[in-house]
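Common to both upcoming complexes is subunit A, partnered first by subunit B, then by subunit C.
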Partner chain A sequence: MNLRVLYMLLAGVLVVWVLLPIFLIATLAFSDRSSVFAWPKGLLPQQFSLETIAFFFGVEGVWKAIRNSLTVAAMTLVFSVLLGAPAGYALARYRFAGADAYRLLILMTRAFPLAILAIPLAVQFIQLGIYDTAFGVALVHTALALPFAVLVTSSLFLGIPKELEEAAWTLGCDRIQAFLRVVLPLALPGLAATAIFAFVISWNEVFAATLLTLRERTLPAFLLTSLNDSPLPFRFAGGFFLIVPALIFIFIIRRYLFTLWGIANR
Partner chain B sequence: MASIRVENIEKTFGKFKALNGVSLEVRDQEFVVLLGPSGCGKTTLLRIIAGLEQAEKGRVWIGDRDVTELPPRARKIAMVFQNYAVFPHLTVFENIAFGLRMQKATPEKLRANVERAATLMHIENLLERYPAQLSGGQRQRVAVARALAVEPEVLLMDEPLSNLDALLRLEMRAELKRLLAESRTTTLYVTHDQVEAMSLADRIAVMNTGYVVQYDEPMKVYQEPANTFVGGFIGSPPMNFLKVRVEGQQAQLQSLSLKIPTPAPGPEVLLGVRPEDLEAYLEPQPQSFTAEVLVVEPLGPHLLLTLRFGQQLLKATVPPDFRVRAGQTLWFKPQPDRLRWLDPGSGQALAAR
Partner chain C sequence: MRSERYIPYVLILPSVLFLLFLFAWPLLEALLLSVRGSGGQWTLENFQRMAADLYFKDALKYTLLLTVVIVPLQVVMALGMAMLLGGISRGRDLFLYVWTIPLGISDLAAGIVWLAIFTERGYLNSFLQGIGVIQQPQLWLSYETPTMIFVAVVAAEVWRATAIVFVILVAGLQLIPKEYSEAAEVFGATPWQRFWKVTLPLLMPSLQVALILRTILALEVFAVVVALGGRNLPVLAGEAYYWYNAYQNPGVAAAYSVIILGISVVATMLYLRLMRSKREGAA
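Showing the complex of A and B:
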């Protein structure tokens, strides 16, 4: 019984630890300027106002950064699914020499520090003429999202029995028809989750985006470079817009994250 | 409808030789069962005929067509899988219609075929359901209906009953037999269950270690096994094999002397006799041999006796009211027309009588 109390207490601390900053950011983003500096702070927004938000969107470059972020994230999503899903399918369906090594290698790319890559990458991007473009940032973000895309889709396809495809073959499908008619409908929710996950990774990524852009900043890169010399309300509004999409996406795909971590099966 | 013919099929998985040059012919409208222990290559052979595996050597014919190089979709087959492989995202109706849609059948033909197949399998009231809402037995019926709906030339079944519980399996077995007798589709059926094979087959192909060991009608396979493997694999309890000394043309078991129909290969010969073909007596009999009862197991329809005859163990079944205890000595007479003579060295049956 005592253990249970302790467990609940720990869980409570963790919840407060995570939720309190989000709560403060959210309430203050929707308060007027004076309450941002007020002390002590109330539980609810004292003066509900869209002033801070409006100010945030009024700042030069915010809209462009949001547009850039969306472009980069959308490209990352498309690249990750188009490259990751076939690789995941191959890992799930075919036995080939070095399959396990390949699987490990994919994970290892995540262990490689981006900081070491950053300078050579920037130089290379300048030479290729894709420095400071959405496409260039999307390429790096795809590299970051791809390991997840490959591993999640591979476990996704593994969960679809091979016999279903074979049954489709015997019933008159070629391989592509069988994939489109049987495997794809069953894999669609998981593929959607993979896509959203790639989107979130790109949306939240700040390091590569900061290094590889100058004028075409994504939202995190833009905020990072402008936060230090911005008024406090602006920081709250910026923080709010960084957190919200990620929260929503994680909430939608949490079921598939559990699969990825092997906690539960579909 | 068509016959199936495979010739000299060889298949290796890595270092494991799954099929060692198998040849087999299934006649038009025949029901043939591939029977064997796990790892004998029976499923591999079926999958090669379906086109799901490629053989290294050999050819496959369906009817007059050499289908060796054809993909599964072009072979005019249908297959029922062990785990049913019913499409979970489609209703029962769409599952059964799947093959017909691929054939681009007209709406009228599609509806007619689906309804006929569903009615045959008694699932006509489940057509709007999804597989998740069905029991294992019902999914099995959907799988069979889906295979029958495309009117295949050849129906291939891979242990279709092995995932059902015992009672349902018995029911489905009888139903399959009725159904396939009605539809008269050429069928090749894989199982490791010898009772299933005996009950369903027109002919049984017994397989072991990548060879077809015997290919004959069920009762022939049962009564005249080609070697000790077949005799031991089919029948529960399996056939007894007694080592017997040969004197001239006679095999001698105590007071019992039996004529060997063909010249014996050596000083000893194996006598194969089914447990139910040994008649037991409490009193001494002429032309009999004695054995000591080690264990008595009452099984309901009969008693199963484990006996010691010299250094050898054997099994016999006797009527349930037979009064016998462990430790007793009994006299046995085998049914003379149910004996099988085998070479003790190779385990092969001696040439036919």
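Showing the complex of A and C:
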């Protein structure tokens, strides 16, 4: 057989492998109760219905959990960019003693299962009064997202010629003005990708969010803690709803994915 | 320009403080929490209680088994996908996008998706019935069938998290100059030889990053397992969660987290040591 045809065939199989499970959960989320429990199931949906989805959003606490998830993710986004971008800029523009040690610290955080640290943090957060708050969860999620933010923004700023900034200085801008007017507009798309990535990390995180909350559950934490005593339609609709924003975000940042990971390599 | 020397330090200071507070400090705190008794005295009681617990051995066994099954599968599959991508000319961007979609999917969502497949009236049973293998729905995810829960978790994890290895490897491949492979071709190396002797050694740094990252994530596997098997397939992170939440015992939960941290550190050191010589050989 032609080698090219074989390649395309394999690639197609992989596409089905990725997309089929998503298609199946979407089918379940958009069918009625009886089709969710139907046996045996066909590949194609029996009839389109909003019953399952409506049931999911009707469960008490779901909307609150979604609101909490959005709050936590938004905070994580802001914190990671505000903390990460200046550090990334410093790594890209200055040579200073301790830069390598700082890089090592950032890389080291990735050699540890950070979410597990939610256990000692939960104990401390109770004493600090930030247990069971969106802020507390966002702090841990920021710790997860920050290493990415630093490494990605550093590569981003490296890609913007220093000469542009220097030209702005000679034209009378001070450092801050030069940054805001010259560097920032150029870095904006990349910064946005970084921010979205931080948002997705937070939106998807379960372990720390579950341990650090009691009433102020995020959506994954709410779903996880109600798994055992919730009917299948609820779980399927919840699972589907968790996937949707992530799909959109990955689509938006797809051009930056390899920059995100290629740089984190070095 | 003397006054400029402090600028980079001012810029990194907030993130350093943040990481001290949310990384270094809790790391230390986890250790302390695990070796302190309720009265504040030093004790190994937490570790003893953990080791004596019925679930501990299984949790350790399944966590390690899952890691050694899932991570190599993902690396081989991602490597295959990265190579395959190189052989595709038309529709490359589309394949790239679709294959990386799982990057955005959480472990909990992946667990629920595969629950829809493996559950009693799920798609797997429907398919098996369709081809005549079974007549009645089979129960795959009960405590009597830990092997099937294991298989389901492996499927869900390979489905979800192979993409991240793939992206790291593709990014790494882009850094390798084409000339090396072309030179090898001129000297008569077969595609197979070029892969083993040229591409793979040069890809070592990326492989190392991918292996470390995936191993650490595999060691803290949690939500996928809970969604698919509840506690019927105990894992270390899950036990830490139950001890903290259900049993209200942060000490034993911390002992579990110290075990996970310990295994992670050992695994990372092993990767760094085992793969260093090869990398230097390639460089």
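Definition applied: the second predicted complex is superposed on the first by the 246 of 266 C-alpha atoms of A that agree within 3 Å, B and C clash if a C-alpha of one lies under 4 Å from a C-alpha of the other, contacts with A are read in each partner's own complex, and residues count from 1 in each chain.
Here, a contact is a pair of C-beta atoms (placed from the backbone, for glycine too) under 8 Å apart; a residue touches a chain by one contact, two chains touch by 3 or more.
Just so it is clear, the structure is predicted and the values come from calculations on it, not from any experiment.
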Using the overlay on subunit A, decide if subunit B and subunit C clash or can fit next to each other.
fit
Once chain A of both complexes is superposed, is A:M8 in touch with subunit B (first), subunit C (second), both, or neither?
second
Could you say whether A:L105 touches subunit B, subunit C, both of them, or neither, answering first, second, both or neither?
second
Once chain A of both complexes is superposed, is A:Q177 in touch with subunit B (first), subunit C (second), both, or neither?
first
In the superposed arrangement, does A:L227 touch subunit B (first), subunit C (second), both or neither?
second
Specify the angle subtended at the CA centre of subunit A by the CA centres of subunit B and subunit C, expressed in degrees to the nearest 10.
100
Subunit B versus subunit C, judged by how many residues of subunit A each one touches:
C
In the superposed arrangement, which partner chain does A:E60 touch: subunit B (first), subunit C (second), both, or neither?
neither
Considering the aligned complexes, could you tell me the closest Cα pair distance between subunit B and subunit C in angstrom?
5
Looking at the complex, which residues from subunit C come into contact with subunit A?
5, 7-9, 11-12, 14-16, 18-19, 22-23, 26-27, 29-30, 32-33, 81, 84-85, 87-89, 91, 95-109, 111-117, 119, 121-123, 125-126, 129-130, 137, 159, 164, 167-168, 170-172, 174-175, 205-206, 209, 212-213, 216-217, 219-220, 222-223, 226-227, 230, 237, 240-241, 244-245, 250, 253-254, 256-257, 260-261, 264-265, 268
Under the definition above, what is the set of subunit B residues touching subunit A in their complex?
50-52, 71-73, 75, 77-79, 81-83, 85, 87-89, 98-99, 102-103, 146, 150, 156
What does subunit A use to touch subunit C in their complex?
3-4, 7-8, 10-11, 14-15, 17-19, 21-22, 24-25, 28, 37-43, 82-84, 86-87, 89-91, 93-94, 96, 98-99, 102, 105-106, 109-117, 119-124, 139-140, 142-143, 146, 150, 200, 203-207, 210-211, 220, 223-224, 227-228, 232, 235-236, 238-239, 242-243, 246-247, 249-251, 254, 257-258, 260-262, 264-265
Subunit A residues within the subunit B interface of the complex
161, 163-164, 166-174, 177, 181-182, 185-186
